[in-house]
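Structure in structure tokens, see below.
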Amino acid sequence: MINKIVPSAAEAVKDIFDGAVIMIGGFGEAGSPIELIHALIDHGAKDLTVVSNNTGNGHVGLAALIENRQVRKMICSFPRTAQSVVFPELYKKGEIELELVPQGTLAERIRAGGAGIPAFYTPTSVGTPLQEGKEVREFNGRLYVMEYGLRADFALVKCKMADRYGNLIYNKTARNFNPVMCMAARTTIAQASRVVEPGDIDPEIVVTPGIFVHKVVEIPNPLSENQLLKENRRYPW
Amino acid sequence: MINKIVPSAAEAVKDIFDGAVIMIGGFGEAGSPIELIHALIDHGAKDLTVVSNNTGNGHVGLAALIENRQVRKMICSFPRTAQSVVFPELYKKGEIELELVPQGTLAERIRAGGAGIPAFYTPTSVGTPLQEGKEVREFNGRLYVMEYGLRADFALVKCKMADRYGNLIYNKTARNFNPVMCMAARTTIAQASRVVEPGDIDPEIVVTPGIFVHKVVEIPNPLSENQLLKENRRYPW
Amino acid sequence: MVNLPKGWSNEEIAHKIAEDLPDGAYVNLGIGLPELVAGQIPEGKEIIFHTENGLLGVGPPPAPGEEDDELINAGKKPVTAIPGSCFFHHADSFAMVRGGHIDYCILGAFQVSEKGDLANWSTGEPGAIPAVGGAMDLVAGVPHVFVISSHTTKTGEPKIVKECTYPLTGPRCVNRIYTNLAVIEVTDKGLQVREMAAGVTPELLQEVTAAPLCF
Amino acid sequence: MVNLPKGWSNEEIAHKIAEDLPDGAYVNLGIGLPELVAGQIPEGKEIIFHTENGLLGVGPPPAPGEEDDELINAGKKPVTAIPGSCFFHHADSFAMVRGGHIDYCILGAFQVSEKGDLANWSTGEPGAIPAVGGAMDLVAGVPHVFVISSHTTKTGEPKIVKECTYPLTGPRCVNRIYTNLAVIEVTDKGLQVREMAAGVTPELLQEVTAAPLCF
């Protein structure tokens, strides 16, 4: 029988190894798998390369993972947001690497990685500093840069509902990068606010087919990053 | 106010011009927009290039469009099926062109066209006759062929439900190529079994966002290609 | 230093843009000033707002207390969703952008050149943390790019220039510039002034613009 | 002409494949003989069947009269969907294939070479209408490709050969060949026979195989 449900976040992340490439879903405070990230902090794997649109807020979630010095390099589109303090500090001290990727290129590189496409061409970044070092090629009189598909060892994602096959649905704009990251990782770990029986999710509305998901942990009342920030919380607590 | 609903299939296809490239959804008998195709036969536009996975069955739908000599060229993955008689006959007489594309490459080329990706690399067809004439390139020790994004002047698709914004949902495996074709055409025309009010389709379950759809016509009881075949029907009736 | 009129308010600039958007347009609004456009759409015109984090059909801001952490826009602000909206993932969202499906995007600017080059993501300061977000995708994919901006920097430096000195977001991508002083079209023949705020003269406007203007 | 035993029935071959699939595998079945595998999965083993036209979790054939024109497999035959199945579009479906997410595919063959080259889409006849479907995508993307086939053609010609003479579906892609006479593994060192049907001897098997076999 297929049963991808694991009993705890700690169990879900236990195979993450030092030096792993990890995709972490979420955009701003929406869709970030905070409990999985905190389990990864407890777990302690280090020297990680993290692919995520932002670098976390305050001192919880992704920001706390960075603050705990587990991340060697960030691949993201927008490393500084209003509430991002940890990454900027380490970056200025030269203690963390950054690969800056335009947001749409980042999404497409992840999707390509998941879809078995090693490289593709995009008009984004042509004629800008982010084009530097990349192959530029003309199609139909317009210039495009070549970008590579991006894969990861692990993806950590958050969703609204899951079943034991790993079928997932999301909540509103918390969907964001999560579905494409599921596709691009060798091991995709999802935290779901609710786990249901197979068939309880209408097959017409599944957003992430179970084939892209390897472990599911139920986290019934996930923390709100916003709330944690208001309370000025830090992880580890 | 945005209202993409048009009153009839004839009205929906009236702008299709001679020489147009047209994507037609469907896989076998599922998801083929028969009423739109029949309206296109009545309309009479000719010298068309049609992108569709198959070449139609019997003497209705896409097969009837071909039989009516409106199609100059087919771009498809599987031009002969058990019930395909029209295309094979014309092809053997040299009266219709064929560009054969592996099914997954066809789907990805259409998606790429819709997503503004002019070209991408795929492992499919490497070392086969379908690689001939294509650029081959190595990534990480493996060979890939370069394939181009595919766009169309028009897409004809079939769906279960639509609203005036053009948001669409589909029925089971009748989804197939329809969503990617919506993305890749300058003018996408959808026939929907039912038109509903905005908001009646849960925003979480929309498969084709309205931005990809330009005209919607309600066809409440679409013909079954299977049934027409059983009855040995021909279009025009 | 010229004694310039204040010109239009931010809301007035946003209103001009809103009036220029055609009924039925799909529009992406950048963070900050561009967000004002949403509040200025005239009665009877229907515009669909896209936010690149996965929502088509962004509605007005929620009532206080009605905010949802998981319903936000690209600026991470709480929003609502209109009836007929839809959610999708990031790759689909940028397929809309890159594929030319979004009709208009309204962006802020550090600098715009006379050729329509845009610089709005980095001042290129050494040591500054670069952050680009979706701006490069938007200017590369959206057919109509409008800039909304103060005409000069806070210290009075021109933002409309012959060549951008800041790193580009994209070359030759801006179609129109809406400032507190004027509406300027980027054309093959250079910058064409379409309208000026009350009290602004061609001479005054040229004085605070570091690229030649046509009137 | 050698006097060969008939060997295993098609159902028996399919059963061998079903036994070799690990619990929890995602499997794509080609059209024709491969479809038999679905009916042979042992009790207690859960296999998820993918059909490239947009369904993961293909169930058993529908009862007569329960067929749905819009619920079919890649062979255009009516199917059912299991609880926990999901529908998706063609680009997502082939992302599963090309991206290496489908674990196994079971395909028919015209010819398989000793290196694992597969020819199963065209006999290369002049004037024949070429049709490839999803076969090239499957062999390029799926890590384990199993062939199910009669050991020879109807006229007794070997299907397992040194070099395919028909146009290839893909080079070096087949991992294992299941025929009525034997189960053969494609290895770096050549074709390794894993099992033979009752009455088949190495000599007999080699005689109907046009590439050297290791036993």
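Every chain is named by a letter (A, B, C and D) in the order it is written, and numbering of its residues begins at 1.
As a working rule, a residue touches a chain if its C-beta (ideal position, glycine included) is under 8 Å from a C-beta of that chain, and two chains touch if they have at least 3 such contacts.
The model shown is predicted, which means the values in this text are computed figures rather than measured ones.
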item	value
Separation of chain D from chain C in steps, with touching chains one step apart	2
Averaged-CA centre spacing for the pair chain D and chain A, given as whole angstrom	36
Computed distance of Cα centres, chain D from chain B, in Å	29
For chain C, residues contacting two or more additional chains	55, 81, 87-88, 91, 94, 97-98, 141
Touching two or more other chains - residue numbers and ranges from chain B	108, 111, 115-117, 122-123, 170-172, 204
Interchain contacts (touch definition) - all pairs	A-B, A-C, A-D, B-C, B-D
Residue ranges of chain A touching chain D (in the complex, touch as defined)	1-2, 111, 113-117, 163-165, 167, 183, 197-199, 201, 203-204, 206, 209-212
Chain A-facing residues of chain C, complex	51-55, 68-73, 76, 81, 87-91, 93-94, 97-98, 117, 122, 127, 129-137, 140-141, 167-171
Footprint of chain B on chain C - complex, ascending	23-24, 26, 44, 46, 48, 50, 55-57, 81-88, 91-92, 94-102, 141
Interface residues, chain A side, partner chain B - complex	108, 112, 115-123, 139-140, 142, 144, 148, 169-172, 202, 204-205
Touching residues on chain A, where the partner in the complex is chain C	27-31, 53, 77-82, 87-88, 91-92, 98, 100-108, 110-111, 122-130, 170-180, 207, 224-226
